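Written below as structure tokens is the structure these notes are about.
Labels run A, B, C and D following the written order; every chain starts at residue 1.
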């Protein structure tokens, strides 16, 4: 098997693992969020506007914005973790830099530094309306890699 | 009217304003969250466990935990704001200190310092199971007071 | 040996370890900071006002405030770590809630949750003038315990 | 006067204002830090290694790293503020992503979003040894613009 082919298979396996984990998240389904891009160290999550996602002024709620930012970052880190591991958010910080509005929000999680135990991600969330894409939130996140336990084994429902 | 009576009326008006604003939050309803306590500088928000609130391992999702923490802090700040003002979250930081599980989560937002423009809150979230109450998240939040616009006027839906 | 005596000896050994480590910090000496209280999970650091610690308006610089807050939290965590370990700051977040002024600043680091790998601390800094003590900064910190290496062994100067 | 010339004069005035304010910071001088680059929305601060800047293991102290990160971000924001204003740090969050070592540290403050009252900056600190430049810290900062008071007028020493 060529090196290129091996890399493709590995990437496909990694993406499958991420998507299956994402599908186990009741909250993402409940919020109507979807993973739209998975690459090593980079994950996008999109969430269309619905009245069920608003704060008191009719914009996306900071909690909804944060939820997809946290998820995008967590899975961005997870793409670089070994197979027999799972991911936990240690903490994150997020600035809500402008009113969160748009047809949908797009959260981008990017790994900045990946260590054996801890991984640091940058979180960006954009409000997208037609062709326009505006930064609405910016964050920073610390993840922990739990070694020796696959994502499924870490589940308390198993 | 006695001073005591005036204070009671003022507190009742403040609580009403908070509860009406909370009721305009589509997300809180969608997550099944409720305001359970409102005092000057202090707000509690509770959210019973549902499969719709989980992350991939079956615990409450950090995004759901953060959403009620942000809301509790935001309204804790709002209790101290003038009547013709509204509240925005500038930023928050949250540590997920243990797996978020329990019959319900209880978020406590407490004002630490209230200024004319900015207010700082401490955020705590507890997982409650029967008599047990365990800290699951700890955060810190910066709020902004938007003067000259009531909460309802700030709404883009009005 | 009585239990009480054993506890006292253990606490004294712990305090000695903290103070020796503190004394190896070039920065604390350079800033004129001192450890003033060491208890399990709790450390105080004080720093008298000097022109060498100011920002452009003549108050204590946020960097100086943060430096003693980080140190107080780091050693508060370290009091609870095993003997053959050292401590690293993973991250911290700090709000500068009022102008940092006073005869001296007093930073208080308190452990909120101590785990095997990660420990979370709350950081408070007060400006003290005579009898007055005013909160000037509030923070939250994540520490990491490096097992199997004493604080001295972790030193690159050894 | 040509537009180009006007812009150059304005930039020179802005740089002068920043450098004079920096020179009023006792702490930066005490730490041996210097401003090395000033552009609209972007400021670099460098700090050569000295034993006076270390933590207990001989690396740059997180407090020293944070001090120049906060300063770089604060002045990056200040470059975009009106002339009759001054700058305050509301809060910052910083991840110490690898041991802070090198001939010197270089802090880069970059404005991500500049509003009338609040400005958000990204903070990066690099450890530089010869040709090597390694990220040692990553942060995010919220600044406040105090209108109607120049930086010098805000000084309590005036």
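By our rule, a contact is a pair of C-beta atoms (placed from the backbone, for glycine too) under 8 Å apart; a residue touches a chain by one contact, two chains touch by 3 or more.
Note that the structure is predicted; figures quoted are calculated from it, not measured.
Each chain gets a centre from the mean of its Cα atoms; the one farthest from the centre of subunit A is C. Taking B-D and A-B together, the chain pair joined by more C-beta contacts is A-B. Inter-chain centre distance (subunit A to subunit B, centres taken as mean C-alpha positions): 24 Å.
Centres computed as Cα averages put subunit B at a distance of 34 Å from subunit D.
In subunit D, the residues touching two or more other chains are 90-91, 93, 95, 142.
Across the interface of their complex, subunit B is touched by residues 93, 95, 97-98, 112-113, 120, 122, 135, 138-140, 142 of subunit C. Considering their complex, residues 21-22, 24-31, 50-59, 61-64, 66-68, 70-71, 86, 88-96, 101, 151, 154-157 of subunit B touch subunit A. For subunit D in complex with subunit B, the residues that touch the partner chain are 90-91, 93, 117-118, 142, 144.
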